[in-house]
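Chain IDs A, B, C and D follow the sequence of writing; residue 1 opens each chain.
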Amino acid sequence: MSKGRVEAFSDGVIAVAITLLALNLPLPNVATPDLAGYLGLRWPSFAAFAVTFITIGIIWVNHHALMRRIKSVDTTVLFLNLMLLMTVCLLPFTTAVMARYLRADSGENLAAAIWSGSFLLMGLAFVVIQRHLMVVKPELLTDGMTPAVRRAVLRRNAVGVMPYVVATAAAALSPYISLAICAAVAIFYALPATTEIDQRTAA
Amino acid sequence: MSKGRVEAFSDGVIAVAITLLALNLPLPNVATPDLAGYLGLRWPSFAAFAVTFITIGIIWVNHHALMRRIKSVDTTVLFLNLMLLMTVCLLPFTTAVMARYLRADSGENLAAAIWSGSFLLMGLAFVVIQRHLMVVKPELLTDGMTPAVRRAVLRRNAVGVMPYVVATAAAALSPYISLAICAAVAIFYALPATTEIDQRTAA
Amino acid sequence: MSKGRVEAFSDGVIAVAITLLALNLPLPNVATPDLAGYLGLRWPSFAAFAVTFITIGIIWVNHHALMRRIKSVDTTVLFLNLMLLMTVCLLPFTTAVMARYLRADSGENLAAAIWSGSFLLMGLAFVVIQRHLMVVKPELLTDGMTPAVRRAVLRRNAVGVMPYVVATAAAALSPYISLAICAAVAIFYALPATTEIDQRTAA
Amino acid sequence: MSKGRVEAFSDGVIAVAITLLALNLPLPNVATPDLAGYLGLRWPSFAAFAVTFITIGIIWVNHHALMRRIKSVDTTVLFLNLMLLMTVCLLPFTTAVMARYLRADSGENLAAAIWSGSFLLMGLAFVVIQRHLMVVKPELLTDGMTPAVRRAVLRRNAVGVMPYVVATAAAALSPYISLAICAAVAIFYALPATTEIDQRTAA
């Protein structure tokens, strides 16, 4: 299995998943008279859509950073990557659950925990691949990554998972806190400066 | 992040979004006796489908023209491109809203504004990327683009957004005007001569 | 626009469209007790799915044969190809219409005409591209295609459209005739020998 | 038709099919108060999703192993591959049937037979391609595959189909047996060691 095929397949799955997100936006079955009111009431769908969209975009960027650092893949990378893709494919579902329950009177805490938890799961799946590469099989990496750099990359990934731990736990208090945290993470990584500093650290 | 990967990922998202459009065409749940009448009444779905399909096709062509002019991408391009793709992914939703409300007694103006507005948003997202390349980071461009050519490209993009400003504003008068303007733009760009002249100007 | 990008984008759209076909297979909303009866009654869905699936597969093979013969694309090819892709994207919809109406008491003739007609439209879109290349712009072709070969290729394409003309007309008599003709065409082209002879003629 | 295009198209179809799987996860239409109960009752959907996801992942890995061994494709490979892709595209449908009927009082045996049977069909389609390459047209293979290796590869494929024969037959006893067998196969192949040994045998 060449690295290029794994990248192309992963890109395909991520591109489909990110586009399917919009299938769950609230579309009135028949033309309800008050369209503005209908859509306004359902703002959580649009907020959750935007946050998940950007978060998938970030994982896509990170996935390429990961692939750029390796020379070849072994079977373990292949299947760990499949697990990562499974968590990505779950996001349209968990985002729809969050969108439908955010304003509900009951079930909203669980829905927010499912949504934040699916980001957490995706982050953990990413860390597991990264750890396999940095710790177990550094021979798969391109040359020139010193142990110190490898530790830094892994530490940065682990730290990146933290906000999702907090967002998932905070769902017990209020789904709006989970939404705010996940949105903040998306905006933080979308700010060019942040990521450029990141890349400098990694390179 | 190589330019090639950004292109491939963008192509993937655009290909999925353009194909998903047809999922919202009106399909009777059970076999209603008067199929011709059923489909005939719902002509707005087919009209909106065709216009959005061609418009996505045009943005795809323009996206490649944009990518052809650059040597490499920075993080800002990456995230601005993600924003552009988000507007593309919204089109199946906004097209379905337009299709369902065009003939409605109420909500039809808002629906047309949402639809034309989503084209406007896509056009603006494109201009923002283009501006970043032409004004802020010309060093990302391939050689040989003089300041005059760069200004011309940017001006042409900005002008291309104008019809959508008018279509969105005209939605307040009648959704049919918005439909007519967006359809005219699609046909205009689909006419080979037009685009060939465009390319000569840009090259 | 490079030929490679047009191919990749077309492949993407065709791959998504062929996979979306299965979304319209009849899935009981709740577990109806008589699953065998439920699915058995809906055999037209499976028959139409199989015929459309193979037909899209054939157009994909033909699309590559077409692309292999050309050196570069002009804007006309770009937009004619977009029109061809639009007809492909309509197939999940027209197939679902056919599937739901085949056994209905009314509307079944129109449904069969829509389904066969969508294959006819796709075939015609293909002939229009081919004609542009073979007659209007032979300079886009790879070297070594004599006028005689070009005429043969175009004639073969035009002949290939004929069964769909008959199937669409025959829908007025019975939708089963349309189904039988389209199925026969799919099987005919799927038989290896047939296509291998075809390729020998074309090469 | 180049081998590369067949690979890219197959990857596209498989990537879309694997991502569409999640569309059938159970999403409450309105916010039902007891979200945990709602999802808990529907655990078969998540179990079937996970097993099918991994199984498609495995067929993707196997598909690449198959493509790596060949130099070029003939028309028969092209159409046999299309048949394989058709079985893959059916999996979101058969998985949804299994998910909805697993806990039902009637139809659950047929549903499990349909689901396991669709894996069996996919496995058989794979064996048919493999057999065509190993027995009928070894000249399409890369050099260095001795008759003994070819027989070993084919035998391994045929053996891999066996569990699905058992799972399909066992559906008559209980759908849970089918689920357990298909899950066990997915886990078995997902264990790195297993597949690495496999590759050593094949190489």
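Here, contacts are C-beta pairs under 8 Å (C-beta built on N, C-alpha and C of every residue); 3 or more make two chains touch, one makes a residue touch a chain.
Note that the structure is a prediction, hence the values are computed from the model and not measured.
Where the sister copies subunit C and subunit D meet, the same residue numbers recur on both sides for under half of the interface positions.
Distance from the centre of subunit A peaks at C, each centre being the average of the chain's Cα atoms.
Subunit D has its Cα centroid 37 Å from the Cα centroid of subunit B. If you average the Cα atoms of subunit A and of subunit B, the two centres end up 26 Å apart. Those residues of subunit B in touch with two or more other chains are numbered 8, 12, 16, 20, 23. Taken pairwise by the contact criterion, the protein chains form one closed cycle in which every chain touches exactly two others. Residues 7-8, 11-12, 14-16, 18-23, 25, 27-28, 30-36, 50, 53-54, 57, 60-61, 64-65, 190, 192, 195-196, 199 of subunit B touch subunit C in their complex.
Against subunit C, in their complex, subunit D makes its touches with residues 1, 5, 8-9, 12-13, 16-17, 20, 23-24, 74-76, 78-79, 82, 85-86, 89-90, 92-93, 96-97, 100-101, 104-107, 110-111.
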